[in-house]
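Sharing a structure here in structure tokens format.
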């Protein structure tokens, strides 16, 4: 099953530059681990905003939550989750 | 350049079933023409809603508008357009 | 997989009482067919509003869309879809 | 009487990891006490978000408030409360 | 149990003056029947708006829905329902 | 003149438990003083939320502001003020 | 007592030009009657929008509602009502 | 003085294709007259939406309203008006 | 030219009482300076909220910004600016 | 390609005046560098608000993001990005 997830990041104002750099590095490592696993299919930057739009193919809603909630910035993001399926007008036989 | 476009359809209440069927057929034909052209990369149904999330790769903002505004339901959709680019944490070298 | 779906109905003002009665009857028949199938687990009325909150257990997002979009009032509802999963604090072993 | 309650958690940015772990543990203990009492019927995680959707069966609005406001994270949650009742199209004779 | 209900009326533009006068008269009759029954405790006009704020004391959520949905303008109102209970700082021993 | 006022409390995350307890006690004392004066007619808890709905009968908008702004939590509340008057369909001759 | 009222007009699409012209003329006559009475102190056009911001000084909330609801376009306007009073920093001794 | 104006068009569903074509032609004529006058500096299409962002330099708010309200689609547009001025960080000495 | 400006104040939670008292005093001094200058025509308190509605008559948008941004609480206010002009139905020949 | 970008600044309440002055100076330097490069065509202050509306002409969405995200206040701004193109009614042959 495939989800489109939009994440808006809100960096806490009290974080030091060191803490921000540290968490940003861990965030990168974490998201790349999931991309490498083949679950996190697309990670796109929204041009001009501290946001991303992602496409994930997972085995279950539980797995989607496991991936997203493992991100160090998870508690500081505003997240919109959309469950998608095949459109009757789509000419592709698969979603991805 | 790549855009993510979310379209929510609001069917006019005064349309007859014939008119709705006719426009729906033209909508399908139109969207499939653009998918076949290779510009409209993904057309996903939002599960449970009269909405789609689409991914288009176009040469210019003008071309994006040409495609979306050619849809017969264009005047009756609420549309959100997001311009995307490569995310620094993405492991794929290309957007699509 | 389980979804919580909230549907707000907006009755078209140009419908005659006959048309409204006819579609309401078909809506009832349709929703009861899906409840009888075991897919539509809960159908709750929001007290004081022309809305319902429903819980559906389906095999795929496609099936969720098939069910919701088969409702005669589907084009006239504002629909919010939420994909749910097991909560770490839940003491029940199953969602339903 | 039955309520559907949606809770979005906003973790204060100034909390230490120890404080967060401590309050999270107390939150779990508190919510499980109410689940064991039979009042808190369902506790579902919203997939991909720091939110839950819950279903509670209580004797009164006072009791609903007693339960929700006893949660340690209560002051830091955005909460939507919906009072539900039997839907005329429902085939089940009871809400739960 | 007591509810505060805010109702915003949206008069359909296609109604004739006769139809509007007829439904308005029936709306008055209906709301006064419920007020006389002692269930609909307060019916207040929001100054300057086509809206009311009402306070109802009912035996169940089902009864609240029965009352509100019996109003002829029910399908054309935007309705907000709030379930209330005793406030710890209140000096009155009863809600009404 | 009568106002319906809805107040949503947002407790500052940096307050110690002592400060919160202290201000909560002062809040109670302040609101009860105004209730005893006969100006603050109803103080209802919104079930499941850190909010109240209140009904105040005052001599002027100035007096309403004097009362609400004297609450210690005033700067930390999101407040909605509604001026109400007699509804043409109301059977009671007075608002309260 | 003084209110600031913002009114956004939504012209029904099914009105003929004659009906629109007729109601617009009556709207003008009605609003000018109230301005001449001295109750409707200011009537300002929002530049670039089909909206006005008005300032009314009335004897009661009932009188405010009597004035606003007498406008022929009243059912087709989205209206925001704000009750105002003297600001502690104001150097004028009166509101108007 | 300079304004940025965003206009979202909502085509009435009951208009015939002839009426829509007629009003669209008049809309074009009207907007081009104002562009030729030098008042309407920029008229940009929002890519993928039935919206425009415009920049107008006018002598007064009255003139802005005269221009925008002369558009045949004025009653059917949702309009956002922003008054702009020189930014302290701008290196250009003029706004346009 | 005349603007209606609505300002909602959000007091930072980390400010000491001394800092708040100091800035409040400077805010009063600043707003009274502009009122005395004749530019800031009306300063009204929104009854029951930490907000004001103001009317300013200025020579340019630059001057409006100079005045509003000189307020010490400027960075902590949510501000809505509306440019107004003469309404065709107004019987007064001037805005103020 | 051309974007219209609206940026609303939210100054962190815990910043000292020195830090704010330092970052404001760097913000100015950064934005002026991009203006001098010819990419950042317009930088307009929204009159009365801590916001700007900007117009940028860039080679790609990536370049837009590079510019906007290089601003020191980037993590503390709420940003709206709009991709624009030629309007069919525009008489200018170019966007800028």
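Chains here go by letter, A, B, C, D, E, F, G, H, I and J, matching the order in which they are written, and residues are numbered from 1 within each.
Note that in this section a residue touches a chain if its C-beta (ideal position, glycine included) is under 8 Å from a C-beta of that chain, and two chains touch if they have at least 3 such contacts.
What you see is a predicted model, and the numbers here were worked out from it, not measured in a lab.
On residue numbers, the B-C interface is repeated by B-H, which shares over half of its contact pairs, out of the options D-E, B-J or B-H.
Separation between the centroids of chain B and chain E, computed from CA atoms only, is 42 Å. Distance between chain A and chain E, defined via averaged C-alpha coordinates, is recorded as 44 Å. Between the Cα centres of chain C and chain I there is a gap of 48 Å. Residue numbers of chain I whose C-beta contacts span two or more other chains: 2-3, 13-14, 45-48, 61-62, 64-65, 81-86. Taken together, the chains touch in the following pairs: A-B, A-C, A-D, A-J, B-C, B-H, B-J, C-D, C-E, D-E, D-F, E-F, E-G, F-G, F-I, G-H, G-I, H-I, H-J, I-J. Residues 9, 11, 13-14, 45-50 of chain D touch chain A in their complex.
Of all residues in chain H, only 2, 4, 27-28, 31-32, 35-36, 42-48, 52-53, 82-92, 95 touch chain J in the complex they form. The touching residues of chain B, when paired with chain J in their complex, are 1-3, 60-62, 64-65, 81-86. Residue ranges of chain A in contact with chain D, taken from their complex: 3, 5, 12-15, 61-62, 64-65, 68-69, 74-76, 79, 81.
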